[in-house]
Amino acid sequence: MIRVFALILTLLVVACKAPQNQESAPSESRKIITAGGTITEIVDALGFGDQIIATDITSTYPASMQSLPSIGYRNQIKAEGILALGPDLILAEEGYLSEDVVNQLKSAQIEIHFFKKPIRVEETKKLITDLAAFFEAQVEGNRLLDQLQADLDSLQSYLVLHTSSPKAAFIMARGPQTVFMAGESTFAQSIFELAGLQPAASGFKDFVPVTPEALVTMNPDFLVFFDSGIESLGGKEGLAQVKGLSETPAFKNGHILSFDGHYLSGFGPRVGKAALELAKAARP
Amino acid sequence: MWTTQPYSKTQAQNLIIAGLLAILGVLALVSLSLGAYQIPFAQLLGVILNGLGFQEAAAESQQANVLLQIRLPRILLATLIGGGLGVAGASLQGMFRNPLVEPGLIGVSSGSALFAVIYLVLIAGSTGLWKTMSAFGLPLFAFAGGLIHVAVVYRLSRSQGKTETSTLILAGVAINALAGALIGLTLFYADDAALRSFTFWSLGDLGGASWTKVPTALLLILIPSLFLFRDYRALNALSLGEHEAFHMGVNVSQIKIKLLITTALIVGVGVSLAGMIGFIGLIVPHLIRIGFGADHRLVLPGAFLLGAILMNVADLIARLIVIPAEMPIGVVTALIGAPFFIWLIFNLNKPKR
Amino acid sequence: MLQASRIHFCIQKRPVVDQISLTLQAGEILAVLGPNGAGKSTLFKILSGEISCKHGDVDYNGLPVRNLNSKKLAEVRAVMPQHSAVNFPFSAQEVVELGLFSTQSKNPSRLVQDVMEATNVLHLKDSNFQHLSGGEKQRVQLARVLVQIWEQKPFPRYLLLDEPTSSLDIAQQHGVLSILRQLTQRNIGVLIILHELNLAAQYADRIALLKNGMITSCGPVHEVLKETTLHQVFDYPIQILQHPHHGGLIVSTSQPSLQKQLIKQA
């Protein structure tokens, strides 16, 4: 009995020693937490990167974001973890945080705004515009939009000169047991179309597990991966072990492309550059 | 009230209940003050007193919000669900006359989870009336699933009026496998945004606790549990066997139906609110019996209180061990419960004298 | 009076209990004997209300058993099974107290104590039931069953026992049966299935002999225990002897030829 009391007392004392919450900062400098790599990148590009105090795992660009405290990933993110970091503002992708957590954050009366994750260039432009408006930094926003347009123009000029339309399939891999291919309505289809590539996948939406025959039937000229995906399969050599990949002509010809995950799929300000890089890589 | 020793046994039992209540109260207080979000104890008291109307609000409102909107409902939910699992486990063990039975083993939990997942798929994308109804619709649908599953397991394991233990466990394993497969299948085809992840259902998670879930738990877990407490005499009699209980005057089929329905309700609702959390229904009745005897007058409420205590302890560990993330609570209860289960089986085979 | 009239029970078209009628009065012990497969257990279950029988009636004090719910039935009759397992660590006293379920006793502690004394298990009251020996468990169960009908009531009660002496030693067997004899003075009628013919001869008032689902013979002990009847029922030569000192009936199954051989070898 005495031990129980001692334990409780110890716990209470520990709780008492916790640091006081900091006083709220002046309104010009906020403490922002972002959830979603594209939002993080745009907020930083608009010039407010130093106000970000923590981000999620997918916020990998710019690299400085990776040294900030992480709040976790999607459903694993908990409200108390976010609140413990003392933010004034949360900017999140729609559907990124679980509904319960959103409700809890709202009832904790913390300011939280949601933005749709872009999977098309038009949506990228809209997101930049919306965020710029939110921060009342339209000048910076327009600069980003102009830069993006310039990238897209370069892409267009390239594609005019190179009219071939190789077929490409995007493979999402998280280890040899978890290999999926992207269908319609995914970022993969959008970026392929942007880069003038023909998506090999058709007739299905979202991601489905790779079946050996299906991939061979689709007959892509190029297989596209995330860097992390190829790594999880054990590099290019490891691809030979995955049934369905090794039989494709793309594999046999060594037409394997891989890019940083966020760069390729984020549809952020650098999407034009990413599409151009992809377009060039697919026309060696 | 039929008891032989005029005061000592009943009083001793009441004292134990009071003691468990006290431990639960202290634990709730400790649990309130700990978490990823630091709240100094002085502030904690201030918020509580303010909430009770005794004191002006001095603490920062965000601290009050974390405490009152996130932590307090969470602790209440842990108490109610843990307590429900405890008393449901005790009732099922009494009914099947088998100390190895727990709701997870015999398919109630997985059946409830399956139906909950199906319900979410069915109402996915719907708005308005369906959405608000889901506060009660989801738990009740889960209850139906749990009930169907336990009825099937029960039916499978009966032969010639006896419930064979080995058949019972095998039937439970089979139904669990089926339900698990169907859950996986449903989640595979469902729209991602409409469902919580598979880990929520299979490992449990109290992190989504909010005040909207508490009334459901109060109505559909606490009240049925109180009803179960009243059946201690029949459960005591059932411990001797169904025929013997009949001879003693128990309406056996009636009590069995009542027990099955009530435990399926309690467990089904608990699963719909927090996913499948195992081992609590197995461990706590045992601890009560080992410590204080097998009389269900004590075992039933004792299992409720000890279940609430254990669930809060597990949730505290889940919240503190990997800050700012959380461990799924089912992992914690499994880490505590599985070794206990093994010890239990080992002990059952030892010679009695 | 416990009355069974022309009860008939078939399993897969074969009659297991074949048009049996019998009565049990309060204050008497009726022993039911017969070889294995005679239908004793089925008859027992029908009489106790565990199995409902479509043909024939079973009445307790004039009330048909199918009209009595389990609680009402428990007030008028108690049943001691042959085996019963307890899977939880109840104390012996807690097991006995289970018998209080259907009673509305004004002094339950006194009642339990009296019964436990009468069955000689009072000294075991705090022991874990699961740790008792076979004989001790049997007596505790008997105490539980007796608690149900021990208290005096304006109507007769009945106690049905199915081979309660199977795991008891000689002294314990006689102990239990003498308790049953005492019960007859409490307005209780006792029906007991026995295998041991001599126990029946010594303690029963009436005997019913069962063979192939039918009652071959039923009546006072000295009328039923006849050598020819017993030979026919048990398919084995049986002798009835008289005790040299007190004149009671002794049933012997030993054969002269076997004894002669033993004497020759000695």
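Order of writing sets the labels: A, B and C. Residues in every chain begin at 1.
Here is the rule we use: contacts are C-beta pairs under 8 Å (C-beta built on N, C-alpha and C of every residue); 3 or more make two chains touch, one makes a residue touch a chain.
Here the structure is a predicted model, which is why all the values come from computation and not from measurement.
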Most widely separated chain from chain C, with each centre as the mean of CA atoms: A
By mean Cα position, the chain sitting nearest the middle: B
Between chain C and chain A, distance of the C-alpha-averaged centres to the nearest whole Å: 80
Cα-centroid distance, chain A relative to chain B, in whole angstrom: 38
Whole-Å separation of chain centres (CA-atom averages), chain B against chain C: 45
Residue numbers on chain B that touch chain C, as the complex places them: 2-6, 94, 97-99, 233-234, 236-237, 239-241, 243-244, 246-252, 289-290, 293-295, 352-353
Of all residues in chain C, those that touch chain B in their complex: 48-50, 69-71, 73-75, 78-79, 81, 84-91, 93-95, 97-103, 105, 108-109, 112-113, 130-131, 148
Of all residues in chain B, those that touch chain A in their complex: 23, 26, 30, 33-42, 44, 60-63, 65-66, 69-71, 192-193, 196-197, 199-200, 207-212, 319, 323-326
Interface residues, chain A side, partner chain B - complex: 4, 8, 11-12, 15-21, 69, 71-72, 75-76, 78-85, 95, 98-101, 103-104, 107-110, 206
